[in-house]
Amino acid sequence: MHVDRNEFHPLEVDRIREDFPIFAGDSPIAYLDSAASSQTARCVLEAMDGYYESYRSNIHRGIYHISEEATAAYEDARQKIARFISARRASQVVFTRNTTESINLVAHSWGNANIGRDDEILLTVMEHHSNLVPWQLLAERTGATLRFIEVTDEGLLQLDDLDQLLTERTKLVAITHVSNVLGTINPVWEITAAAHSVGATVLIDAAQSVPHLPVDAQALDCDFLAFSGHKMCGPTGVGVLYGKRELLEEMPPFLGGGSMIRAVQRERSTYADVPARFEAGTPAIAEAIGLGHAVDYLEKIGLDAVHAHEQQIIDYAHQKLSEIDGITIYGPKPRMKAGVITFNLEGIHPHDLAGVLDTTGVAVRAGHHCAQPLMQHYGVIATARASFYLYNTMEDVDRLYDGALKAQNLLARRQG
Amino acid sequence: MHVDRNEFHPLEVDRIREDFPIFAGDSPIAYLDSAASSQTARCVLEAMDGYYESYRSNIHRGIYHISEEATAAYEDARQKIARFISARRASQVVFTRNTTESINLVAHSWGNANIGRDDEILLTVMEHHSNLVPWQLLAERTGATLRFIEVTDEGLLQLDDLDQLLTERTKLVAITHVSNVLGTINPVWEITAAAHSVGATVLIDAAQSVPHLPVDAQALDCDFLAFSGHKMCGPTGVGVLYGKRELLEEMPPFLGGGSMIRAVQRERSTYADVPARFEAGTPAIAEAIGLGHAVDYLEKIGLDAVHAHEQQIIDYAHQKLSEIDGITIYGPKPRMKAGVITFNLEGIHPHDLAGVLDTTGVAVRAGHHCAQPLMQHYGVIATARASFYLYNTMEDVDRLYDGALKAQNLLARRQG
Amino acid sequence: MNIYEEDILDHYENPSNYGTLEKPDISYEEDNPLCGDQIRMDLEVEDGVIKDVRFSGHGCTISQAAASMLTEEVKGQALDDVKKLSKDDILEMLGIPLGPVRLKCGLLALKVLKAGAYGIKGWPGEEDDEEE
Amino acid sequence: MNIYEEDILDHYENPSNYGTLEKPDISYEEDNPLCGDQIRMDLEVEDGVIKDVRFSGHGCTISQAAASMLTEEVKGQALDDVKKLSKDDILEMLGIPLGPVRLKCGLLALKVLKAGAYGIKGWPGEEDDEEE
């Protein structure tokens, strides 16, 4: 396909691909599963190897050189991430394992202290299980009630009745910024403002937004924001919880142990200031350092450019896949979403579709995408999902298209 | 120092040191802080880079090649670790971030379900904060009472009154296998047997034993066992909780989210079998794979040999450091402990001692070592600690000795 | 290593023993909630031997082909022999290696059959293969 | 880069203004629970100016030397100027770079002095340096 460079390539994708080891070699994979986990940039791996090879040590308490170096690198990563999401202070960034742990931390520490029997927690039907199950468990513990913003057939949030859903009983609104299934970019700023007007606290699941769009936590004015390193060119094993300072400072500890204390006696302890209070035990040191470098990398390229690139690809993918007979594409139009396309081919189980695509070197996800309530909404058990990132090309879309046709040839013979 | 190879070097330390990048170069660090965090073996780094460079993807649900490869490698690591600690089944190994999270998982999931107001939790005075604060928090939640096994002046557990401490109110005994401050190897088998005779559940904090001694979870008969990858030649960001099958299977979930569910509806969910039930969200995939390789590495060398090597070093360190005027060494005789030596020099703050040692390239820890109740027992606020591992040499001990003398020269002038 | 071998596709498109029995001696059904695959097995048993078998349900090629192949295999077998069938037997029938996700699809029919043979709750569970 | 410079050791061994004042206008004390370092500052203040100052306490060379140097610096200064002293001023006095752990030791005296100058609770806190 010949394309005008300026029109279709705001990113120099060829150069970017060189930063990701997996695309080296003659027949690179068409990796269309970045919404599950992205590739990791070479500079991130180098930063982690640098730690392991030359200043491997524990942090915080060490008085020798390499431990001071490790502590500085770990705290430096916190600063970078704070800047990346426009947090006011580095201490508002808590390192966790992943988005899931970040949300559970809030559900336990803030939730147990602030949610009671008569309170309501407002979610949406398009939440990932990680932003649903922790609230189910909190509701079980406290007797609170879960309520849901519905999803329209087009895959947008049904916000007409937001006013009825938000009452003075609403204590928490926990919503995803970008749906991992539909790609829908939700108007989280508006929802946050409305939630605040009834005094509710707002948590944004930013697992699919921080890697793909510019996200400014202060501008969004959300109270908590959660995301994962492994979806944003970083390593596995590290995630982030951002919180407003007043909230974090009032929150009781979640996990107890080393580093989160001020002073320990046999029967009771006093606790460290945030963020240390929420980072019990030896943290994921190499991983946090790696994530700091992932953030550097993304900042250098620019999240606006990343988003624009994904827009081009998703436009093209919609156009191309729509040509296929018997395809159902879920979710809104390209211009209203991020780089995700979820679909089904009539008469073909998504597992089989993914299996045939795999034989052609195309990696897509098939299943419920940890969003069973959304699947129930659409009346399906599973779908196939292709998701894109800064290193994907138009050719990847062509390979997806070709593989889908191959699957139809092979498997849809019963039809027709 | 000339030593008989067979007598003093059951390990081929020179060759082992080549497996750890940090010791390359002309003036390698005398790294005496492995009890805080060990160096990471090169083969572990290679295994992680291998994942990142050639099969980077999320696990469990992926139907394409590299995701299947990642899933297999992750589950393979679980098998290796199960074998390493002689667990009956791989499903008894839950991946966590570190020892601290493992213990907190038990305190929340098992603890909330099994501990009540009239119950007692028996700990020891030598516990690391990570095996103390989670129980303080549990006691706060439930009204249970903490009791303590005292420590003798020699640094051993005071077990004479164990019979009085263990009653039918004792629901949990949580003890460290090896003290991270004193090095004491506790008779956990005997304590476990006694605890079981009154029906108590037993958790062993194995953070300092699994890296250094052969540990057989079935033989110990403990109910839970917790340890960290970063202290055993592995990466940061991954730890392990081992549990008896019946216990794990009965335990309710701790963190909610993706991968730990069976089926999710809006209002409630059913949960996956163990170990998935306790691994919500995207796990530390690269790190678990790395830990599997760390276990391979340690098994190849043999934990018996590692322990014997540390015994030689610690013998020599005791002998050598005892020559220093004004030194106080805490803890039992070398033969009764693992490779840790904790001490103070009269009139010198441990921070300053560590600072001077650092100028000579010797890395030791100074502080309370996350064991304030033990510090209170000894009436000190901080100590210096040198801890040894398979890559340490007798020369490291000599450098420690020389550095300590230098600190005395420089700082103890007020004395004299 | 292509998992879409003709043999598997044939069984998928023209499954053997597809359907239900009118008066099964044993009937058991289960689904895989992750992908919605569903298998029901009906057995006619006489003197501990499987006289007739039918399967029904829906799902991906692997789960359906495995069910079809399995019914061919067990017809005429003693129920006790069915209890001994393992993961490896299924992989041999399918003739291809399966990744961890597809393995669950491939083993669903066996799981249902064994649960039926053992009388559902008496079955020690698939996980037991893991034991060392 | 040796942190055991003669200058620091001199202040450690022969600290300036060591002791307490009989009737201090301001007296404040704090410890670092991690290492047990402890500093008390006594100030005599007239018309907003520090007329006299003493420190007492114990700890490592860095915390004690920093306290000693700081008392030399602030004697005769306006209280409002003391409020403006920063981390960098301390590092300049000490003349050496400090790692994150020793930084806490080095800043303890300043923390105590500022808390005293602000009237303890009015102090915005040391962390505020971090603000962007």
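For reference, chains read A, B, C and D in written order, and residue numbers begin at 1 within each chain.
Just so we're on the same page, a contact is a pair of C-beta atoms (placed from the backbone, for glycine too) under 8 Å apart; a residue touches a chain by one contact, two chains touch by 3 or more.
This one's a predicted model, so the numbers in the text were calculated from it and none came from an experiment.
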Centroid spacing, where centroids are CA-atom means, of subunit C and subunit D in whole angstrom: 77
Computed distance of Cα centres, subunit B from subunit A, in Å: 32
Between subunit C and subunit A, distance of the C-alpha-averaged centres to the nearest whole Å: 38
Where subunit B and subunit C are represented by their mean Cα positions, the distance between them in whole Å: 45
Residues of subunit B whose C-beta touches two or more other chains: 61-63, 65, 67, 263, 351, 355, 366-367
Sites on subunit D at which at least two other chains make contact: 34, 101-102
Overall pattern in which the protein chains touch one another (line/ring/star/complete/other): other
Inter-chain touch pairs (all): A-B, A-C, A-D, B-C, B-D
In the complex, subunit B residues that touch subunit A: 21-22, 29, 31, 33, 36-37, 39-40, 45, 49, 52-54, 56-58, 61-67, 97-101, 103-104, 107, 125, 128-130, 132-134, 136-137, 146, 148, 228, 230, 235-239, 253, 255-261, 263-269, 280-287, 351, 354-355, 357-358, 362-367, 370, 372-373, 376
Subunit B to subunit D touching residues, read off their complex: 349-352, 355-356, 359, 366-368, 381-382, 410-411, 413-414
Subunit C residues touching subunit B - in the complex, by the definition given at the top: 33-34, 99-102, 127, 130-132
Complex contacts: residues of subunit D adjacent to subunit B: 2-4, 9, 12-13, 34-36, 59-62, 101-102, 105
Residues of subunit B that touch subunit C when the two form their complex: 60-63, 65, 67-68, 71-72, 75, 83, 88-91, 262-263, 273
